[in-house]
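In the two complexes that follow, subunit A is the common piece, with subunit B as its partner first and subunit C second.
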Partner chain A sequence: MRLVLDHLAAYRPFWSLAADGVFSKGIHLVSGDVGSGKSTLALMMAGLRAPESGIVIPEGITKTMLSFQFPEFHVTGLSVAEECASWGLTPDSVTRLAGINVGNETPALSLSRGELKRLHLACILSRDYDLLLLDEPFSSLDCRGKEQVCRQISKQSRGITVIFTHEQSIFPDITHIWEIMRGELVDCGDMPAAARRWQHAPPLVKNLVSAGRIPFKLTPEGIREAACRIRG
Partner chain B sequence: MQDPRIRLACAFLLSCAAFISIAGAAAVFIWWLLFTPRWKSIRYRTAVLATFVLFVIVAGLMTLTGSDGFSYLVRMIAILLIGTWVYAESAAGDFLTVGTWCLGKRIGFEAGMIAGMAMQLATGLSDDFRRIRIATEQKGQSWGLRSIVPAGRILIHDTLRRADDTAEVLATRGYRTGGNLCPHFHTSSGDVVAGICAATTLILGCLLR
Partner chain C sequence: MITVDALRYRLLAIDTLAIAPGITSVIGPNGSGKSTLLKLCAGIAEPESGAVLVDSRSPRDAEVGYVNEFPDRNILFSMVKDELASPLRFRHTPCKETDLAIRSCAETLGITRLLDRNMQDLSGGEKILVAFAVACISRPRVIILDECDSHLDADRCAWLEKAFRSSGAAYVIRCTQQMETAAEGDHLIYLEKGRVMHAGTPAAVFSLLSDTPFYPLSWRCPV
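Here is the complex of A and B:
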């Protein structure tokens, strides 16, 4: 199972994006500045936007899901129960996974954006996809929410999970890092070696790398372990 | 058309002309053929087509119930064409400058800013609608007429939320009412001719009522 981006290119006035690479099974991180083209790339990888040139080749991928940054776009049910049912799930298990304390009949759109985001991500992460594309999954979440979502994402072992984000503090157990630099998707490689080449790395990771203590994982535990190695 | 004052005045006059009579609507159509880029001014053709279909349905129902559906259809199409032209020609800040020029730094500025924000939101709505459609189809649900209600609910909810956020941001930045603006306009001779013709169209619509 893999997703091949074969000389993909997208253009707009004063903006362009080129992507070439292979996404295999694991959890991938695509980092880049705001406006660099992460959402456009996600749409092209999901087959929902045609590139100006090049081709996306899904090999062995039958079930794809793209999660948008704003969870409202995914809401089709009036209540929390209806929304969970629209994903083929029961509300109790989803709200437990999301860590939110709301009634099943609560109107879905009356939830705060953070609660709705957690509910939406819990719905998505409760199902199996060959290709799961998460566009800014940590937006609207507090630190505890981010950590909780990261733990759930880290459990995704079945297919290809790609996280598009400019998040700088909390990450799941990333296996491969990519970044968009000057309009081009750059392959930084597998973790932990990728941390050396990662230009958009958070300051803490950069400091650890420059001190020669490369974190084996980007999870809070992995960063902590690398930091403790410095003290030792 | 370069002068937003004349453009908005034309839109108002032509909408009135089309609303008043069929003859007025026909004159508006001729004005549209003469003074606009015609089909090129229709940016979102699917949305315009959907609105047209809606007008046809309403006109059909009116005819069936004994009202003049044909007259309604002709007049609404004329207004739709003028609306799409104004939307396509409008640039950011047009409403703000025209509002301030017309009604002053308090009420004019306020009204212009509100209109400008509404226009900005309208631009984003089509993108939001496309995302909602994608999200619905990803759930394995078919997209059809029944999907319009939940999609519309989300769009309205999201628009109200954004308006609320914008109001909070403005209040936080100390905005109370009005503001200073020195608008400058460039008026070409073509703009003046189009404006005079729009006024004539309204007079014609009134006379042939």
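Here is the complex of A and C:
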């Protein structure tokens, strides 16, 4: 199973993006500046936006899901129960996974944005996808929520998970890092070697790399282990 | 001083809280009432009982700039330059003065390249930058930022930090889920279930949260 980006290109009057690469099984992180085209790339990878040139080739991928940055774009049910039902799920199991204490008849759009994001991610992570594209999955989540979602994402070992994010401190067990630099998707490689090449690395990761303590994993535990590691 | 006295509004129950001038970060779990408190300080919502006052005045009588985490909800115009002009046009500022203010604000904030763009063509992060410029253009006394850093990269977050520090606003109140960002403010408020559990300097508040995920990772892992 893999997703091939073959000389993909997207243009707008003020912006362009070129992407060439192969996404294989594992958890991929795509970082880049504001407006660099992460969300556009996610749309193209999901097959929801046609590139101006090049092609996206899904190999062995039958089920794809793209989670948008803003969870309200996904809401189709009036209540929490209806929203869960629209994903073919029961509300009790979803709210338990989401770690939110809300009634089944609560209007979905009356939830706080963090609660709505947790509900939405719990719906997505309750199902299986070959290709799971998550655009800013950690925005709006509190620190506990981020850790919880990261643990759930880390368990998604079955297919290809791609996370497009600006997150600076809490990550799942990322296996491969990409970044968009000057309009081009750059392959930083597999972790942990990718951490050395990652230009958009959060300050803490950059500090660890400069101190020679390359984190083996980007998870909070991995970062703590690298920080506490004795040099030599 | 921004004061909160015997406040009751939805789940929020705050008996007393004083926010001194400077940069105040509001943190807490999802659903703890952070955005609601910010809306009350901005005058977007009014207390069911009790009072929120900005320098002894109602927030609705104070000059407040507010940036929503979801800027799409606040966009009124299709072009960036019209959106940026809107706070001044609504108060009938002369056109020449408005044009000068747009140019000056855009240059200061480094968004001149966006002025002729359509709002809907901007990325989520770019919309936040424009929304921040709209909030700042009339030089408000209070700037309120509702978790807008969650859509920005590290460089833009640093840029935003610098921009609101130099905005001239007496009070900047922001809620954030980036604890490293919260650690850099002057004051910190930790909310839980609608209550202020801790308030004080970041060092004092975080020392009470050291066994929770809210404690900054960079403090836990000094390099």
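To be clear about the criterion, the second predicted complex is superposed on the first by the 229 of 232 C-alpha atoms of A that agree within 3 Å, B and C clash if a C-alpha of one lies under 4 Å from a C-alpha of the other, contacts with A are read in each partner's own complex, and residues count from 1 in each chain.
Going forward, a contact is a pair of C-beta atoms (placed from the backbone, for glycine too) under 8 Å apart; a residue touches a chain by one contact, two chains touch by 3 or more.
Source: prediction; values computed, not measured.
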| item | value |
| --- | --- |
| Three-chain arrangement built on subunit A, subunit B and subunit C clash or fit | clash |
| Contacts of A:I214 with subunit B and subunit C, given as first, second, both or neither | neither |
| Touching partner for A:W87 - first (subunit B), second (subunit C), both, neither | first |
| Which superposed partner A:V75 touches (first subunit B, second subunit C, both, neither) | first |
| Subunit A residues touched by each partner, larger count belonging to subunit B or subunit C | C |
| Subunit B versus subunit C as contact partner of A:M65, first or second or both or neither | first |
| Which superposed partner A:A9 touches (first subunit B, second subunit C, both, neither) | neither |
| Which superposed partner A:M1 touches (first subunit B, second subunit C, both, neither) | neither |
| Offending stretch of subunit C which, after superposing on A, collides with subunit B (from 3-11, 21-29, 75-83 or 111-119) | 75-83 |
| Common ground on subunit A, meaning residues reached by subunit C in one complex and by subunit B in the other | 70, 72 |
| Subunit B-touching residues of subunit A, taken from the complex the two chains share | 48, 64-66, 68, 70, 72-78, 86-87, 109 |
| Of all residues in subunit B, those that touch subunit A in their complex | 128, 131-132, 134-136, 138-139, 141, 147, 150, 153-154, 157-158 |
| Partner subunit A, residues of subunit C touching it in the complex | 28-32, 35, 69-70, 72, 113, 117, 121-126, 128-129, 147, 150-157, 177-180, 212-214, 216-218, 220-223 |
| Contact set on subunit A toward subunit C in their complex | 12, 14, 31-39, 69-70, 72, 100, 111-115, 117-118, 136, 138-147, 166, 168-170, 200, 202-204, 207-208, 211, 213, 220, 223-224, 226-228 |
